[in-house]
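Read through the structure below, which is laid out as structure tokens, and then see the notes.
Per-chain residue numbering starts at 1, and chain names A, B, C and D are given in the order in which the chains are listed.
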């Protein structure tokens, strides 16, 4: 039996679910899970179905494409034996990297990690201890375009499906983001109220915030402003100094990023009109 | 256009979704929302669909019953112009009652409340101020069976769909619960670790718990042990005395109960093997 | 026995706690609760002590002022029989008002509420049902200065200690805020990431936020930016529409505002360098 | 300058704070942080003060003991250059162990870890990779007393201050717990409602709980019932299977345990009448 995850995105029109379930039935498929979303304003429609079938992936795709052709859908179809190939990009800070590698190691995160890229050498030993190839690509103002070209080349060569910025302190160019739409996840601290600039935990302390948080989102040209995937917060008090806020921030960041990655590799995320639909 | 909520429960068999969406298509219906659940162990299947159709409710029900007959489903089908009729049962404590009445008043809770029943007269003025009939049915050890019979009669006469125990400090008999399966919601404080007995907030204080919570569940014979609908907690410290824990408890209780009621009246709750499936 | 809450604010210097506890000891006082805070950057120091004494309030104040004179402290000293006199200011939205009145009614909020002011007549019946005087003070661009003068006059006449903006949709002038520093509490929705402008819940929906929240803070000239007192959030999903976000927002707002008021009337809040120290 | 943490526990009597601050003043000490707690029922009193002084630790202790002698206090006095020596005891599950070692490595947890003990060899490589001695002490029904004796001997030899059961699946004997009162921290999953027995996450799934949680507590004879230090929860849905609940449980467990350890090594925990007072 093949276990297939299907995500169909199209204009909403009567019959789309019926056509899809008809095709699955014809494939002798058994639906395991199904979620759908319809955007009331834009009429966008998304369907995510997992099903088991005795057909092959190729047969399933052929059948579904044929039966759904009239709806002109955007299509995603994966089987369980096709794990996502994930590139981790980091700078010097290791808490998100180590957490993702740990979850990978114990089988919680069923992906392949063929490569880690960094603009610093600091975390090379971590990559080595997990026996994952490490590429050092320094980034300066002048070399940025070249560094991104190198990165894109490695993404190509390694057949990367998903790029995770596991605390990568560089802003990607619009070109880089556009080259991988909905395929780059970033993690970002967030505060109530929000504020920009350096030393955010110092600012949070000075502002006396009572909650600190983190947001994972898809990277777009504007680093902080891509579609939000997942957010969480922790309560803090005036007694927490900036270092303690930062320590709490690490906990939230690694947890939120890991969840975002998990949702992505289970194909539970679809971006509709700059909002992330989460089929959980 | 009629807006219909359909909940179908049956054994899982290939074709059930296809048959349902086929019937909806034949009714010229447009699916607005759809959720489904399949219990891996028991093979139970539940589908909740909302759709708009130019057909009447009677036509829709007829068509769906015919098309789904072979799956021998349990059926729920409601239209938006059929608000749930809700009976509130209380004792002396008013925070859940007042909160539900407020939500009702501002239109957040789209139900009819034809009656409030209590085993005490304390909250009669509240009922009066909201212009809702109030029935005083005292309960003693001897009169309990009689009181429940009176209550069931009023439920019948008032065509009650849902009974909400908004802090009703009496345990219902097994017979009463069995007479209204999945139609009585209760709210209950919960603690980590759990403990039984009187003065729970005093116990929570003495135990030094760091979280206090509340659970809403469907009432079954065993008052605390029905299928859980919704739970929430709040953090507390050693500095909170029993009265403060109780005040926090009130906030959680009213919030959790209101959410459980909202989920029920939107037909988002289905009990499968003593677990509550929440289609949210 | 008199139960006294004392808040002392001064430069940090060795001996301040010793001098205070010495004075309390000399008053035959028994310390019930004590909190202190020292700002590492600015050297500001705050001490909050509650104690029981057979002395009168006047005697206690005299003794403490004498013994602490060399530290040149800012002083707050209250007894349990001096409840805060609270003015509630509202517009048309009632959830925060009704929640505060309910908590007041059941004794959870031990204050006096001699007056409700509004720029609309909508909530006058609520005030009447709780038998609280209601002043209608309309506000237009032209009449704003006059309206604030009227309000300040009523604050004076009613010996108001604390002003609570229980969803008052007007921005107070800098002059008004400056006239009542640390004595006006406002409630405000907050989001991750933050955004300004009208229809915030609509914006939150469009942005696909996964958390919505509220912040209570002291009003300063810039309405949203006063010292934060309390914040909370709730998880939301893409499936919540703007109306549902708003309903959830109401729950958080009333809870956060009530907590902020409680903290204030228990003298647990001190503003130090634009941060609120919360002695909880 | 010496930075000292002082914890004083005694019967509540007027003058205790004054005497303590007097002694600190005489030591030319500057108070940095101060918390106190008084149990209304039992009249137990606890004071935690941190202060900087030019005196040595020995001088400070001498002075404080002399000045507080009349209050017959229980005393704890530590300086910053005396890190806690922590023994980690594990079985086969590694998430808590690895998390604590990571926090230790990056300096978030300022302790010494001279030894890891396990009843299995599975995690020996983890200990080796962090260059921490590892003792394998198998436990069978027959060997339990012997194993505990060995463990106590190693605790003695290694001058262990704190034992952390980082998912140690054995119940310690009453004797072992009594030998180290308030010095053994355990982590435990918790659910609303609570339940006992094997496969807790499977039970949580079958029960349809909407929250799963973890509690850290001091071990006493009854493994689950020692004074609670810290608790947290995460929301779950019917769609999470037992494996997913377990994954979420790992996240909560490691976070709650790390916090409990941090609170302990900062001397922020005092057990009073079986409740843990947390000075945070």
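By definition in this document, contacts are C-beta pairs under 8 Å (C-beta built on N, C-alpha and C of every residue); 3 or more make two chains touch, one makes a residue touch a chain.
Please read these numbers as outputs of a predicted model, since none were measured by experiment.
Between A-C and A-D, more C-beta contact pairs join the chains of A-C. Ranked by how far their CA centres sit from the centre of chain B, the chains are topped by D.
Mean C-alpha position of chain A lies 36 Å from that of chain D. If you average the CA atoms of chain A and of chain C, the two centres end up 41 Å from each other. In chain B, the residues that touch at least two other chains are 237, 239, 280.
In terms of inter-chain touching, the protein chains here all touch one another pairwise. The touching residues of chain A, counted against chain D in their complex, run 33, 94-95, 98, 102, 106, 108, 129, 237, 239, 247, 251, 255, 280. In the complex of the two chains, the chain B residues touching chain D come out as 37, 40, 190-194, 206-211, 213, 215, 224-225, 227-233, 237-239, 241, 273-278, 280. Chain D makes touch with chain C in their complex at residues 12, 14-15, 17-18, 21-22, 24-25, 28-36, 38, 235.
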